[in-house]
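Each of the two complexes below includes subunit A, the first together with subunit B, the second together with subunit C.
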Partner chain A sequence: MSTPTTSLKPSAWRYVPLVLVALIFVFPLEFMIMSSLKPSEQLLADSNSFRAFLPVGDISLNNYVAAFARAPVALFLFNSVFITATTVALALFFCSVAAFSFVFLQWRGRDTIMTVLLTTLVIPIEIIAVPLLLLVNQLPWVGLHGFSTGWLNSYQVQIIPFSADALTVYLFVQYFKDLPKELIEAARIEGASWWQIYYKVIMPLAGPVTATAAILKFLAMYNQFLWPLMVTQAEEYRPVMVGLQYFFQLNIAWGEVMAYLTLITVPVLIFYLLLQRAFIASIASTGIKG
Partner chain B sequence: MKKLIFGGMMMASLMASTVAYAATDLTMWYHGAGNDVEKKIVMGLIEDFNKSQADFAVKLEQFPQAAYNDSVTAAAVAGKLPDILDVDGPVMPSWAWAGYMAPLTVDPAAYAKFLPGPIGKYNGKVYSVGLWDAAVALVGRKSVLEANGIRIPTVDKPWTGEEFDAALLKIQASGKFEYPFDLGMAWKGEWYPYAFSPFLQSFGGDIVNRDGYKTADGTLNGAEAVKFGKWWQSLFTRKLVPGTSQSPADRDTGLASGKYALSWNGNWAALGMVDKFKDDVVFMPAPDFGKGPKIGAASWQFGVSAASKHQDGANKFIQFALQDKYLTQFSDGIGLIPPTPESAAASNNYKAGGPMEVFFGLSKAQATLRPVYPGYPVAAKVFEKALSDLANGSEVQATLDAAADEITKDIEKNKNYTK
Partner chain C sequence: MQSGKKNQNSEATGWLMAFPATAIIGLFIIVPFLLGFYFAFTNQRFISPNPTEYVGTSNFHQLLDLGVLTLEPERDTATQEIKKDAAGALTYPTVRSLTRNNPDMPYFNGMREWFSWHSGDNIKVVVARDVVFMKAIVNTFIFVLVVAPLQGGIALLLALMINQKLPGINFFRTIYFMPVVVSIVVVSLLWRFIYSGDNGLLNALLGFFTFGAFKPVDWLGNPATALPSIIAMSIWQAVGFHMVIWLSGLQTIPVSLYEASDIEGATSWQKFRFVTWPGLRNTAILVLVVITMQAFTLFSQVAVMTQGGPVDSTQTIVFQAVQRGYAKQDIATGSAISVILFALVITISLIQRYLTRESNT
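Here is the complex of A and B:
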């Protein structure tokens, strides 16, 4: 009887630090969700004690009702999910194709362009925001209302400038480099075109890096604030992060802020949970960290 | 004959619809997104204006306040400014200087009776007018002051700096409060220059030398400013006020929960205190540190974009908005100070005997505009950092010297903000 006991003890102890680390990450979410259920006065009073993490006191969904009354929350959520999902899909395609070209095709200037592309990794959006604003303000567009000039107040202005980026290309390049070259050679011998190799051979093997790139891109896009603030004067195109500012009035209703934050965290959690296995596999195999 | 009458009616209705269709759209940007009460009042005002005439139709686009200035700046870069925009009073000179705004052509009689704070004047021209003002007061409880044998100051006889200090020490000695006074250090940004620069001005200093606005040297780091700096720092070293790490929760609830005895707060928070303490609450004027008691002035105001092709219509709308009934509506709705005696008398909170009547008097007697020059947004951030550093113990003269130098360099870099 003593053998099982001794073998259980070490593994149980191993969980103690893991649980403690997990709690560090869970507590802010717990605080946010519990606070979203309390009136602002109680929320503030509880914030200095452990009650902040417990569903105690005057619990209700009133903050959620008030949040929907204060701002068009559903519209902001739709905008963010639409903009983010479209951008992620476009970025995965464009960047994987570009990476495929950089790794498997031979063309003049390839290494130089790759180097130039990588240097853009160190340029933050704040540096290029104003020139980019001036550029998109002059671009033509053909939409449902016919031809127009200037992309301000639109979805495309929040999607197209971010539909390819150096980090995502770099992730795919690093992953593709580790794939066996024999696969490509075999496919070429069989008469496959480059497009068929990309679509039928390489991308089916690129699940982990696709998940990693998707999550990183999703977070970057979903958390965008400065750019949408600059290019959306009309409420109908604003995303959730600009919408968050609706809740910061002279007298801040913290309960409503927490309710709004809880609501806008849901899409992020769902997206991560859907891709977490592939994400973890990618980290384990490539050492890439988000 | 019937055909003729029918034809005439058709023609008349066509002409009427053409007239209605001919109204020129005016876009208006407003900072109040997220405030449902404010939105309803603005929408009501716009609806009334659009019905009152047939030439112009105002259309509203609302922005969240915290992101409003950045949105306007981005739109100005893109050449997409609206016809009518609202602007925070101290920011107006910066936008006027940058060419975002045009001087108003509103009849001056429309704002002749206004408090000085809501009139946005720069370089001798009026660029904006506000439908309200805001004021700050010392908020406390009569019972606490009386229990400690402290005189309750009035607009006519405010506390001197010494009296104020003595009052704080008496309250501290009572041992009943965590801190005797709350400055609101948890609120960052514009709160610092708005709420605290009047203390400096009362000492005799200022953020910048207003004589030509060419330097901050001597005003922000002169003898009076250093005296202010030492007093300011001593509030923290003597533990009379909470420091820069104060939590927003304590700022919001500290006075009501009994953590603090006095609070330096705006009229927008006053109704909550009236509800909590009823007749026991008292709103008191700023102390006089030597150069008279002073509080900040100027809140959000309406102006006309320089890019507007219909400035006549935009001015017409602003003139329409300055009617007393709208001033009263804004006051009743969002609690701010009505700018005329008539609109104050008609308001729920600022009429004679109203719970916040004192704020109108404070605004009239003590309001001091923040420096009226285009570099103010830069100076405000420098001032905020300096006060924060002083609160955290940095050496007074060196800190103020560095701040004065930074503000002066900004003025020089922009060639005295002359075109």
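Here is the complex of A and C:
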């Protein structure tokens, strides 16, 4: 792998392209964070120079205060976190238990059902969004206020349709297939029920795939846009991505927009930087198919 | 060997365990998918006082009908000579005169001009029943055809850079992947500002590096640059994802192959051409299929940045499906567009798989 060079620092020049590319990926996000600290007028003026990337001039958290005053930002954040966390938890349970059944149990129709479920991998939400909208509008619901029809403007319309999906089932199926069957046999001989085997034998071994599935589901849910846009006309149930609309009335206050963008993005970035190995491994594992 | 009782137990438990995921995927993915096919052949609206009726393929005709009209120069009714206007140019009948209430050509009724060209003295006009949707299809194809090779190629380049054995290389991998975790909605808004015509960061940077020679461009406000701008930004956001997939492919290539080619005195390019690339064939198929599928569903960037404009230069299939199915509450047309999109996605991915297989032999 080594390339013979005569320079004093043989590998230093190899960092030059790496750093240049890194700047392309970092600068827009760095610009977002810096801009969130500046008044809109200064932000616009600074964007003509490298001051755009520097925390100079009139630096304050005023934009954040203004953003909270303009829109129910805390509510949007709560909605997003609640919807994402609930969906991830439900999907991990429903999909892992289904995968467990597909891989370890014998029952009539198993292979057909598994094949049909996994085939839905090729159906993106964009293709079913329109008919799904009509469908959820006619579904019944029993809530705190009794019986009602139509799921629009609710949490469940953003949670339940996504609480199981083909990709998550697929990830668990692939992982379970590689586990030794003897584990199951041994537990069966000891008289353990299937449910006991699921949560006492298999799931404790499924840490890596659970992390992968959780990360992928988390990213998909938190960043979702099209579906919540269609089903949340009411402010009460809006997640952060749809809440952005509040910042685009008449004159756009760019400072506030940047503050809001920073607020909804930086937690994810920190989460990513802390767990970056797991994040990258989760994407890589979707690639190891063939 | 399991006893009969245990088998019975496994039958019931198996069903029960698979039930929640099956019910949810069935009700919220498979049922709407099938409903979409059904609605596409009806006049279903979101809310309507009238009962839903079967309308055959009329939604598809409304969306996809095309025709070619030939406009001949106008002739003097008496002499049959070609008329010329004051400037000496030929005059032509308007497209509208042929497509509005024209009993001779019922098929063309209501169609509008999409594009035209001169053919001798005549003008050939391609007319479409839904010009906006035609533009949406073309734009989506441009997006897919540019993004798939470009994003796949850049991602491979980045993966090769990251695959070097250098101290601290993981830091760069972390950085390159970073935009992937950021919502495309956030990215789109951010880049809307970067692309802005008057105070945009991109114009300022280009001006700086060309010492002021670069004239500011309203990147998203100009029909010629709007779609390319969305393409560039989309690649910036997603390329790290595919870099990681390439990287996991690269790491499956045995080191011994590189060692052998080092002994043979192979150049870097030869190593790439004869060791790396053949080892990446399966990864290449996967990357292309994944990018193509994602590219076909282009929506958020358009919704946040351009709303399909300027002059429909960034209309896309999914944006149109949402416009009709949601904004205009025309579920039938929205569903028909979804069916067309599904047909395209499936066809393209089959063709892509076939082509990539073929080059294997």
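By our rule, the second predicted complex is superposed on the first by the 232 of 290 C-alpha atoms of A that agree within 3 Å, B and C clash if a C-alpha of one lies under 4 Å from a C-alpha of the other, contacts with A are read in each partner's own complex, and residues count from 1 in each chain.
Throughout what follows, contacts are C-beta pairs under 8 Å (C-beta built on N, C-alpha and C of every residue); 3 or more make two chains touch, one makes a residue touch a chain.
Small disclaimer: the values here were computed from a predicted structure and weren't measured.
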{"item": "Which superposed partner A:Arg70 touches (first subunit B, second subunit C, both, neither)", "value": "first"}
{"item": "Touched partner set for A:Leu105, first subunit B, second subunit C, both or neither", "value": "second"}
{"item": "Touched partner set for A:Glu41, first subunit B, second subunit C, both or neither", "value": "first"}
{"item": "Which of subunit B and subunit C A:Tyr246 touches, first, second, both or neither", "value": "first"}
{"item": "Partner chain(s) touched by A:Phe31 [first = subunit B, second = subunit C, both, neither]", "value": "second"}
{"item": "Per-residue touch tally on subunit A - higher for subunit B or for subunit C", "value": "C"}
{"item": "Touching partner for A:Val56 - first (subunit B), second (subunit C), both, neither", "value": "neither"}
{"item": "Which of subunit B and subunit C A:Val201 touches, first, second, both or neither", "value": "neither"}
{"item": "Contacts of A:Met230 with subunit B and subunit C, given as first, second, both or neither", "value": "both"}
{"item": "Subunit B versus subunit C as contact partner of A:Ala164, first or second or both or neither", "value": "second"}
{"item": "On subunit A, positions contacted by subunit B and by subunit C", "value": "44-45, 47-48, 130, 133-134, 137, 226, 229-230, 254"}
{"item": "Subunit B contact footprint on subunit A (complex, rising order)", "value": "41, 44-45, 47-48, 69-71, 130, 133-134, 137, 150, 152, 226, 229-231, 233-235, 242-243, 245-252, 254"}
{"item": "Subunit B residues within the subunit A interface of the complex", "value": "29, 33-36, 61-67, 70-71, 74-75, 77-80, 82, 247-249, 252-253, 257, 266, 268-269, 272"}
{"item": "Partner subunit C, residues of subunit A touching it in the complex", "value": "1, 11, 14-15, 17-18, 21-22, 24-26, 28-29, 31-32, 35, 44-45, 47-49, 52, 94-95, 97-98, 100-102, 105-108, 110, 113-114, 116-117, 120, 122-124, 126-135, 137, 160-166, 169, 188, 193-195, 198, 219, 222-223, 225-226, 229-230, 241, 244, 254, 257, 261, 264-265, 268-269, 271-273, 276, 279-280, 283-290"}
{"item": "Subunit C residues within the subunit A interface of the complex", "value": "2, 6-7, 9-15, 17-18, 20-22, 24-25, 28-33, 35-36, 39, 44, 46, 158, 161, 164-166, 169, 172-187, 189-191, 193-194, 199-201, 204, 208, 236, 240-241, 244-245, 247-249, 258, 282-283, 285-286, 293, 297, 299-300, 303-304, 318, 321-322, 325-326, 331, 334-335, 337-338, 341-342, 345-346, 349"}
